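Below you'll find the structures, each written out as structure tokens.
The two complexes that follow have chain A in common; it is paired with chain B in the first and with chain C in the second.
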Partner chain A sequence: MMTTQQRAAATSAPGILRAPKRGSSRRTPRSGRSPLHSGRNLFGFALLAPQTLGMLVVGIVAIGGVVQLSLTRVNVLAGTREFVGVDNYTRIFGDPNMAVVLSNTFFFVVVLSIGGTVLSLALALLLNQKLVGINIFRAAIFIPALVTTVAWTLVWGFILQPGGLLDGIVGLVGAGPVPWLRGEWLTLAVFAFIQLTKNVGINMMIFLAALQAVPQELLDAAHVDGAGRWTRFRHVVLPQISSSIIMVFMLMVSGSFKVFELVLLLTNGGPGVQTSVLAFEIYRQAFRLNDIGYASALSVFLFVLVIALIGLIWQFRKRMVFHESE
Partner chain B sequence: MRSSTRVPLAVAAIAAASMVVACSAASPDTSTSQADDVALRMTIWSANPDHVAVFEKLGATFAEQNPRVKSVKIESFNLAELDTLVTTQISAGDAPDVSWLPVESSAEYIKAGALMDLHDTIEATDGFDMDDFIPSLLERWEVDDAVYGIPFSTGPLIMYYNKDLYKQAGVKDPGQLIAEGNWNWDAFRQTSKELKDSLSIPGYALNDFDFKNWTRLLPYLNAYGASPWSDDATKCTIDSSDAVDALSVLHGMTFDDGSMPVPGQQVDFWGGGVAATSAFLGSAANLGDVSFDWGIAPTPAGPAGNVVATGQASIVAFAAGNHTKEATEFVTFLGSKDAMAEYSGFFPPIRESVLTPEVLTQNSDVLTPEAVIPIIEGVKDNGKVFPVTESNAAVADALNSSLDEFFYQPGVDIEQALASVCKNVGPLLP
Partner chain C sequence: MSRSDALRSRTLRRIPMYVLLSVIALLFIGPVLWMVSGSFKSIGEILQYPPKIFPEVIRWENYAQVFSLQPFGRQILNSAVLMVLICSLTLLLAIPAGYALARVRPVGAAIFFLILLSGVFIPPEAVIIPLFRAAADIGWVDTFYPLVIFTSVLSTGPVAMFIMRQAFLTLPAEFEEAATIDGSSRTRTMVQIFLPLVRPSIASAVVFTAWFSWNQFLEPLVYLRSQAMLTVPVALTLFEDPLAGPRWNVQMAATTLSILPVLIVFLLAQKHVVSGLTAGGLKS
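And now, the complex of A and B:
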């Protein structure tokens, strides 16, 4: 007897039929390439070319400029540059603030990527029901994503200020006032919460769309096989939406490296550098301390970190995403 | 080729191409224009239409008098963006020709060679009358014979207070303390606490402070004869006994008395949410919109007397500008007696001839000549311009950040906290 997963794979036959075995996929187009096919490809490339070229040129100049600046000591006021080799990079590892800044940065990466993905999936499952007025709940969670981050942060600034709304609420049970924006890990946790609630709506919508695309017949088949609710979710739903999960996870990882407005507007990275992150440190070095060379080295460091992490996840996708390894 | 080798090769190719393209990018052209149709650009940090209009009018007059100059364009921006704007434009080879510059940045810009020396142009200008400038208020912009800026606005930090709130609390207001001859930080701390205990609102707040702007601590420090660093700006002195005494008053008012807002707490004097604030004289424009009876006074005195913390901004010509000769002439023109008289109604000048109560209040709907007389006397006799250092950006960042980390906390040992601040700031002083 077929297992639920095998049945699920078999029932989604159109997907498998479109994915021929290795080897055949390369032979077919080469041997059967027609003038019409080539012309269509050429037309496609022509449509893509202007945008791709534009992005490449802008990207290449920008990345190259940053790499070049990172190898120099820049005196912006005097308008001079001095080549210093990799000094700015070695400075990163000797910077006493960097231990705090990097640990804060990775705290956000872990909490926002894992927490954000799990929370938005949980909300999507909760709201993937046909109930009267369910769209009101969906909209309530999605609306913060439409608000600009600056406005969202400023509102939270008022809520969290000493004697503010949150202090009033905890005061009702005799607690507080709590230094929401003054206490190291508490402040980071508050930041993570604000950032999560801001963006969870978009990810929830992506999951909601993926969940609604899961074929009902697969779920019915699993049900007939006696699969319970958890088994159906684990062996039918999860594989079907795995590509959405990996996409959301990757977006959250790259996005969590760029937490910036919250830090700038609520704590300015302080007290000291207790709530600073790498993106904010780049801004501080470049525009407050005028140390463009070091800021550029930090930018390249951040770029490499993001690329490395995304590359790692991309490699893992073959194991995690259904059909991806075929 | 295997895909695993193609990807690194592609990345390497893009990186190499990036370097080639970026390195071959044209370097900024900083040559000085010799054309007869020079268009000067001047940046200011006010968007007030009256301020913009007065400088546009002066620019037009200068262009009329100088055949080489076709026009002068005034560009407004936010003071907080000054460094970003200027440094970005210098890097791009498109620096503004003329700009306002706060005194805190003076030494750093001068040391970097970013400012033009105005001395020769001033000497060559008939009737400039350099002796009319109050010497003590010009010294931040002079190095030996060189003059790097013309101070156009020299504003003291003064006390604004809400008479209605003091009356409501049954507490003596600053005006009454002055009349009693008891205007000092200890007396003001006491009345601020009484007001807070009576009305449950802060008695005092530093305007434009938010625990991120060390210059707003200067009324305390100056009154106790303290300074964040030594006169030659080589040694951190914010841990001196005078500074500890001065900042103990602020710390006590904030964390013991509750008469000043704690970090993160939002209060608004102009909306009636706090009884007194210290702000620049220019903030008097806000008084036109308030709904309470108000008063102004110098900031309280201390053991070192009644020293007036004085902010300053100058008009400078950037060395990286494309028309340095014309820019230097324009700055000198703006520093002349006639031109300064045009804008002295908005910005307190340091020319004796125009630093008068009548000129200072000519554009104000709320200030009277009688009200500003003590302020002007204070600036002339006891005005102390903000201290400067050649590493302003780094020192200011370290000072603000360290004070936030060690000092703006409840229950700290103030001596130890300020010693920790100096440990961070000291190495940055040249």
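And now, the complex of A and C:
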């Protein structure tokens, strides 16, 4: 496996974004030049055409459309649109509700990305040991990842209902019913917990695979050199799995903007907008309040936010990652 | 002191570890078990405080109600049909594109790659408004067209393309050379020589795509209207009694039913499921 990959990397893979030099391809034992070449180009274009055309058409409709709509005020009932410039954008920053929505959104981004990465790494380390029946525990942690987000949310709604399982459990120690879903920080924390347990299994599996790929000789050598557990983890394991860590972190960051089902199904963002997030606010403004222009401005804002964060982490990755497989 | 004694003492020392692991595991599967238990209770039992862990009697009628309150069989079929359609379109787009980028590499391959990959960075929530309006203009509301086409092109296609490109990249060049010398045409080389070699990656792409479509909520919520067109996740949210509030037991029965097929697939093909679900992230 490893050898095939290395060989393939050596023979056929240039860097992700480096264009192959014209005519420098090493594969075809070339005899004739340009006829063969143009034939290859045509074949390549034909294979790429369906997805590229689809992407361009849908992408332009989607992004062009949302930017255009964000500069207008749409009257859904009358079917009219008027150009209002950047009014919708200035409205975002003047809207007192948005301060709450944005700080909630950032709360989830920070807690879910950092918490999710640390938790899944910790679980992977814990489950990366040779124990009888360890696979059962791995499967148990993976199971929520097999439940749809909606189903997981509904099950938690059932657990959190007044007088439900969780109230029953805190009742055992004499604590009264707790207003789990009535807003404030408690509801946000509950949401974060539900979302974390949903996807931690997948990330744990990614880390387990990475941990099992750390060469045993390296660990043994460090052991012989007298490195303790922590030193071995910090200086041997961590650098070896750094690219997986950054990858999981990026997945968690882009995923953490999608705390949508929880908000819609458990609190509807309420009371007020206390438990709302940007993704839900877009949906609410567009499909419940028919404020298409404002919702579009929020969409563009979300899009820019995601791209900026991913770009930032990508830059960071270049400096942090110890070795890159590609 | 025999070996079995040593083994026993080692097992004893591991008991705290097993306790810890069990507690953690319970946090993850406890909700699922509670769901199953709730699906067999009467609504009276559910509202009773403190709650009981096990139902008094197994009430299968909750499961019957799932199908009488909504066309749930039809809705499961809808989700399954959508899954098949989205997987098919995604593979049709992604396999040729991934092959072209990895092995054919025409002029401008890097630009094509960037264009195709850009879908990964577009959050579906951010483009649902213009796409919904476009769908409404073409008359696609309450049909599967927007779900199949937009999802395949924007969401699952780019990831599947990436998985397939990586798979084709890892194959040694000799295969191609041998095929070229044998006089095999380009299309035949791709279909008959390379495609069979990347079957595990195709499986990953299928699992990833199938899961993505089965899990989708916002898109079907926005594009679909009539009860007979709805998908399972949307249908699950509609088991409320307008007067008496949520029918928790029926809802939990429906939720249990919705999880069952996935669990069965997982048990049958654990390796493929895990690799498929992690493949969305395995981009290095």
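The criterion applied here is as follows: the second predicted complex is superposed on the first by the 268 of 326 C-alpha atoms of A that agree within 3 Å, B and C clash if a C-alpha of one lies under 4 Å from a C-alpha of the other, contacts with A are read in each partner's own complex, and residues count from 1 in each chain.
To be clear about the criterion, a contact is a pair of C-beta atoms (placed from the backbone, for glycine too) under 8 Å apart; a residue touches a chain by one contact, two chains touch by 3 or more.
Keep in mind that this is a model prediction, so the values were computed, not measured.
By the document's definition of touching, of the two partners only chain C reaches A:F45; chain B does not.
Legend: residue contacts after superposition of the two complexes on their common chain; A:R182 is shown touching chain B, with no touch to chain C. By the touch criterion defined above, A:S243 lies against chain C but remains apart from chain B after alignment on the C-alpha atoms of chain A. Of the two partner chains placed by the overlay, only chain B lies in contact with A:N268; chain C stays clear of it.
In the superposed pair of complexes, A:A209 makes contact with chain C only, with no contact to chain B.
After overlaying the two complexes on the shared chain, residue contacts for A:L102 are found with neither chain B nor chain C. Of the two partner chains placed around the shared chain by superposition, chain C is the only one that A:F257 touches, whereas chain B remains out of contact. Of the two partner chains, chain B is the only one that A:A78 touches; chain C does not reach it.
Greater residue coverage of chain A by touch, when chain B is weighed against chain C, goes to C. Residue contacts after overlaying the shared chain place A:L219 against neither chain B nor chain C. On chain A, the patch touched by chain B and the patch touched by chain C overlap at residues 61, 63-65, 68, 158, 161, 163, 287, 292. For chain A in complex with chain B, the touching residues are 60-61, 63-65, 67-68, 74-79, 157-158, 160-163, 180-182, 268-274, 284, 287-290, 292. Chain A meets chain C in the complex at residues 4-5, 7-9, 11-13, 16-20, 22, 25-29, 39-45, 47-48, 50-52, 54-56, 58-59, 61-66, 68-69, 123, 126-127, 131, 136-137, 139-152, 154-156, 158-159, 161, 163-165, 167-168, 171-172, 197, 201-203, 205-206, 209, 243-244, 247-248, 251, 254, 257-258, 260-261, 265, 279, 282-283, 286-287, 292, 295-296, 299-300, 302-303, 306-307, 310, 324-326. Note for the complex: chain B touches chain A at residues 14-15, 17-23, 25, 28, 30, 83-84, 86-87, 90-91, 108-109, 112-114, 212, 261-266, 320, 393-394, 397, 401-402, 404-406, 408-409. Of all residues in chain C, only 14, 17-18, 20-22, 24-25, 27-29, 31-32, 34-35, 38, 47-51, 92-94, 96-97, 99-116, 118-119, 121-123, 125-134, 149-150, 152-154, 157-158, 161, 169-173, 176-177, 180-181, 186-187, 214-215, 217-218, 222, 232-234, 236-237, 246, 248, 251-252, 255, 258-259, 262-263, 266, 270, 273-274, 277-278, 280-284 touch chain A in the complex they form.
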